[in-house]
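In the two complexes that follow, subunit A is the common piece, with subunit B as its partner first and subunit C second.
Now for the complex of A and B:
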């Protein structure tokens, strides 16, 4: 298996606080990797560095063989990395359809000339419409296509965020706590969905606090504590790791 | 996406046939002049709607680009005898260029800071026009602007003027309609709602906002070109901050994000003050009161985007007037 994403001695400091301190790990093509750790361990900071929201202080990021350290978010997205946000970030005042289309637009691009003279961009427009409908169908959101996204239930908004990210047709999907705030049934459905995406060949990096879900769906788990990587291995191996139990999981898990 | 716009045809029919017929049968020169002003104001409102309703930039700089286009056209046609197509193209191109240059740093500002900066621009423009006497003839105003010319042919009389304005305004509104009712419009709305999230989806909010700003400047400049000819006379007093406020009022009263609303809003801000003339000294008070109450009781405007679409669906489709 070849590495799709390589994180090499990544550090991010905030005014002397080492939020992320020389973290190195890779994500292989087709792999579902969980990134876990206690609150403040630096998981979201790692995410934001990959997605371009934060520039790393030190270290290097490589995606698909090319260096992406410090790239702007829109450039990272254009290369094929899509993300969801920890705190819900749907566009509330536009419809569900329009929300999902934004991902597809990011992939295919739109232009001023194409908006005025549609025949110039018929192919592009069709691609956007197709990936939008596909994503809507896949997440059971087609029935709500005309609803304003702000009016969806919490669980549906979570799904909408993933649908929008997938409409970008990414090579790598970054999921930041997708199960947070979901009830048992919804978490169960989400776990199945994430696993299905991985089985369909998508590479996924998942930050999540729901341990049963992480242990069940992930191929590999990376554990951070106070900005440092303390474990990297298969779920069973990580669960048995003394350092991980001490820092995060506790003795009863 | 690309919803059919039966309203668009209805609107074009009213503007190109019904209104001229009514003016011809019952109208006066005064009524024809008001009709022209309503159309020009509607183009301003549509352009501002693109900026506020779609791109989410609350702007008070209408008079800058409106006045720029007006003075540009006045100077061109008086000194060089230019014809209509040249003037429209010149106003559109120069307006877009000026908007692009000013917009580059401006659209980085957020919400209220953007609004305050555009107020500053409006004030700068008024002062410049007032004091650059060699170019604008200053407070005396620019008199004797010639009528519209198409080739060798001079368009005079209200009907000719009305049709020139109607066609150009409909063209401008069509551009705004295309931009807002397309995936391009979706991208702009996404940038308006959540800039960081839009970037994470691969969009560049700065580029999108800058384009919206340049297009709005271009369209307003074209509206100014029409006004210069329709009015034959320009004064710095036509381009004070209050006039920007009136366009904003037309947008809000008509309904944010709605193009039929731009026409309705323009009708209100142009006609209501005229209808209130019998009130004499109380006229401005009455107009202000109407605006104040309309915002209190109809915050979504007379024809908001949501209600207009619902109206079309409910009535036209259910009644079987149109097929889905």
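Now for the complex of A and C:
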């Protein structure tokens, strides 16, 4: 297995606070990696640095062999990294179908002529329609295609956001706390879905607070504490790690 | 009671209202995408009128041949406004700044300032005079529409409003650029992470909106024949009122509200001196805000 994403001594400081401090790890192709740690450990900051929301203070990010340190979000997305958000970023006042279409467009790219006169580019237009429909089917959202996204339930919005990210046909999917706010059944369905995506060959980096889910679905787990990497290994290994227990799992393990 | 004088006043009001509507289309489009008011839009309208004047006098072109020049002028003005008054405030790309009220209010002031600079500059160039489009170039041929006399120019204003409105709805709802524009206006950050280049979409919006504004200036100057450097000021304020009454983000709403304001002004002129009719739009605005605080045509979820 080769590394799809390499994080090399990544640091991000906020006014002297080292939110992320020299963190290095990799994500191999086809691997489902969990990124965990107590609140304030720096998980979301790492995510934001990868996705281009934040520029790293120090360190380097490589994706598919090329340097992506400090790239703008739309550029990172175009290279094949899609992300979802802890607090949702769906487009509330456009339809479910169009929400997913936006992702598909991001992938297919837009030429000026094709943008204004879609019939000039039938092939591309059809590909966008196809990947949109496929994504909707897969997430059981096809019945809601014409609904405004703002009218979906919270759980459906979470799924919609993943569907939109997948319509980008990414090489790497970043999921930021997808189970937050979901009930037991929804979390269960989500775990199955995430595992299916991984089995279909997608590389995934998952930030999640729901420990049982992370332990069950992930191939490997990276643990952060106060901005530092304290463990990196298989779920069983991480579970047994003394530093991790002390920092994070604490009493409930 | 519905004699031809009343009908005539209402028709004039409607055609003036369509002018507001025409300007409100581009103005509302830009607001919809950026949630920012572009007060320099009125000067784009004025520039469109001056470009028309130059085309028909200096270049001796027939009225409709002014269209390409007006489009180029509108495009250049729109891109210039975006670059000078809006882009500098988007350099903070973190989410808090993108959503910040302060940044939006800053662009309101920067566009207002740029509009004033543009207006003063045009005032210097044309000495603040009312300039006239030559009679033979004007669209002033009378047209009899079921007993109500209108000029060809007034019909052109109505026709252009309708075409632009339908065209814009088509652009927004049926094309990929339109979907990108709607995505950016719905959730800037989500759009960015879906691979949309925000700067490109914002530029496209300013280009389209400003071309519409310049075309409005062209048709209005051809219809009424007189041009002055501050002509954009009252119109942009009426367009702003129309946008608010129409529900802020609804382009058809702004058009209906624009016509409504014009008709109300026409109706008011039946009872009060014409100088007082300027107040009508603002009175309507106050009543709308009291009784329909979200505007008359606010879209769901917006």
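FYI, the second predicted complex is superposed on the first by the 246 of 253 C-alpha atoms of A that agree within 3 Å, B and C clash if a C-alpha of one lies under 4 Å from a C-alpha of the other, contacts with A are read in each partner's own complex, and residues count from 1 in each chain.
One rule holds for everything that comes next: contacts are C-beta pairs under 8 Å (C-beta built on N, C-alpha and C of every residue); 3 or more make two chains touch, one makes a residue touch a chain.
These figures come from a predicted structure and were not determined experimentally.
Engineer: After superposition on the shared chain, which partner residues are touched by A:151: those of subunit B (first), subunit C (second), both, or neither?
Structural biologist: second
Engineer: Taking the superposition on A as described, I'd like to know which of subunit B and subunit C A:101 touches: first, second, both or neither.
Structural biologist: both
Engineer: Going by the contact rule set out at the top, does A:51 touch subunit B (first), subunit C (second), both, or neither?
Structural biologist: both
Engineer: Pick one for A:91: touches subunit B only (first), subunit C only (second), both, or neither.
Structural biologist: A:91: touches subunit B and subunit C.
Engineer: For A:129 in the superposed arrangement: first (subunit B), second (subunit C), both or neither?
Structural biologist: first
Engineer: Across the two complexes, find the residues of subunit A that touch subunit B and also touch subunit C.
Structural biologist: Shared contact residues on subunit A: 51, 53, 72-74, 77-78, 82-83, 85, 89, 91-94, 98-99, 101-103, 105-107, 110, 114-116, 118, 128, 164-165, 168.
Engineer: In their shared complex, at which residues does subunit C touch subunit A?
Structural biologist: 93-95, 171, 174-177, 179-180, 182-183, 186-187, 189-198, 299-302
Engineer: Spell out the part of subunit A that touches subunit B in their complex, as residue ranges.
Structural biologist: 51-53, 72-74, 77-78, 82-83, 85, 89, 91-94, 97-99, 101-103, 105-107, 110-112, 114-116, 118, 125, 128-129, 164-165, 168
Engineer: What part of subunit B is in contact with subunit A in the complex they form?
Structural biologist: Of all residues in subunit B, those touching subunit A are 1-2, 175, 178-179, 182-187, 189-190, 193-194, 196-204, 211, 215.
Engineer: If we count contacts the way the header does, which residues on subunit A are in touch with subunit C in the complex?
Structural biologist: That would be residues 51, 53-54, 72-74, 77-78, 82-83, 85, 89-94, 98-99, 101-103, 105-107, 110, 114-118, 128, 148, 150-151, 164-165, 168 of subunit A.
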